[in-house]
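By letter and in written order, the chains are A, B, C and D; residue numbering begins at 1 in each of them.
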Amino acid sequence: MPTALPMLSVKVLFFGRIRELTGVSEEMSEVPANAKLSDLFALYVGRYPKLAEFRSSLVASRNQEFASWDATLAPGDEIAFLPPVSGG
Amino acid sequence: MPTALPMLSVKVLFFGRIRELTGVSEEMSEVPANAKLSDLFALYVGRYPKLAEFRSSLVASRNQEFASWDATLAPGDEIAFLPPVSGG
Amino acid sequence: MSWNMTENLASDKFTLVREPIVIEDVLRFVRADQDGAVVTFDGFVRNESHGRRTEYLDYEAYESMAIGKMHEIGEQLHQKYAIHRIAIVHRLGRLQIGETSVFIAVSAPHRAAAFDACRYAIDTLKRTVPIWKKEYFADGAVWADGELPPVPPSSKTAS
Amino acid sequence: MSWNMTENLASDKFTLVREPIVIEDVLRFVRADQDGAVVTFDGFVRNESHGRRTEYLDYEAYESMAIGKMHEIGEQLHQKYAIHRIAIVHRLGRLQIGETSVFIAVSAPHRAAAFDACRYAIDTLKRTVPIWKKEYFADGAVWADGELPPVPPSSKTAS
């Protein structure tokens, strides 16, 4: 039997319409140590299935920089899921 | 012996460096009835020879519109000689 | 859209003033609830010119013609760009370092038109509006170089 | 020239505020005697959106990242344009019709750089700064469409 991967903890933020959809502004989340941004998102899609519809109209950030979905997570990362921006 | 051309009267304005050169801001001037803007200017060059140096760096206006040097004058015209503009 | 050209031309503002320009008043003038964007240009007296320390400037204008040319700029802006209101205010007389010589504000429903129009306004003003600037330095004064306005082609045919 | 990039970056201003933006203060902040031009962009709440009458807007931001992205815009502006100072102030919370949501001011010795930089700033802000606007109408509310920021290419090589 394979040993379970160690878990790591990241902070997750939601904004705008997906903050409203999830009802979550900010929380800590546990993911396997080799998880990518896309895995973290999939975890939330499991919890909030409607999130799947937003996948193509979201970007993610890692430590306050826009990040690609295959970026690997590190302990203590601050991850955010960001709808299209509309400031100005 | 030809009859003398009738004269007409125009208002003449000077601005900027050529106002300083002539010492004239505004005056009435008499010119022959078929005179052009260039003739009026030549009349002033006769009075203020240094004006000749400015001929290529001046524009003239007739009734508050930029005008070509061969524009014919009419009684009561308001003529101005304008150095390069530097507003703003 | 709730703006239209007739209304706008009537409510634009083209003035020459001898007192300090109150920027907030000009901004308030062009802003309306149907707009979303105002772009402004604030031109003011620099402390140096061609490497020499400026003390102050004197501006003079062919006032009636200058106002006419500012109105023409306004007409061109409404023809070219989907803007709402324009204000162009130019100061005359003696200006100290840092004082605003010209303030232009353009309101529009969308920012691209406001940017384009404001820039066109100051570029055109500098080429066509009969205003002159004399620069005073510790050791003398000069008339600024300036630009020669475009003049209509000769009315003669070649002979 | 008396401006330089190190000095400027230290003296730029990038802020998020919850109170009305005082435009005169921002203008005063960017203006210095060695400049000759300030271009500003004032973005404010329109009374309609897609043909519906707006009642008010709510703005929210990922504040720490938004400030970071505004600083990045500032760095890009100093790299691209010969400008002096930049101020970008964005308001958050509830805004009524006509209230300024964003005000950008750029000072420069020459106007072309100020225009280009101010426009680049607002265009880039609208694409890259994590701020969101919710529009309230008599019969409901919607999140504004917005733009999806560009994201760095995948870190994986094809496999």
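Operating definition for what follows: contacts are C-beta pairs under 8 Å (C-beta built on N, C-alpha and C of every residue); 3 or more make two chains touch, one makes a residue touch a chain.
From a predicted model like this one, the values you see are computed outputs, not experimental measurements.
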Subject >> Least step count from chain B to chain D, where 1 means the two chains touch >> reply: 2
Subject >> Set of chains adjacent to chain A and to chain C >> reply: D
Original post:
Using CA atom averages as chain centres, what separation in Å is found between chain B and chain C?
Top reply: 27
Subject >> Approximate Å spacing (C-alpha centroids) for the pair chain C, chain D >> reply: 25
Original post:
Which integer distance in Å separates the CA centroid of chain A from that of chain B?
Top reply: 76
Original post:
For chain D, which residues are shared contacts with two or more other chains?
Top reply: 43, 122
**OP:** At least two other chains touched by the same residue of chain B: list those residues.
**Re:** none
**OP:** If two chains touch, include that pair; go through all of them.
**Re:** A-D, B-C, C-D
Original post:
Can you list the chain C residues touching chain B in their complex?
Top reply: 43, 59-62, 64-66, 68, 90, 101-102, 122, 125-134, 143-156
Original post:
Within the complex, which stretch of chain D touches chain C?
Top reply: 23-24, 27, 31, 33-48, 97-98, 109, 111, 114-115, 118-119, 122
**OP:** Using the touch rule from the top, collect the residues of chain A that touch chain D in their complex.
**Re:** 13, 15-17, 57-61, 64-71, 80, 82-88
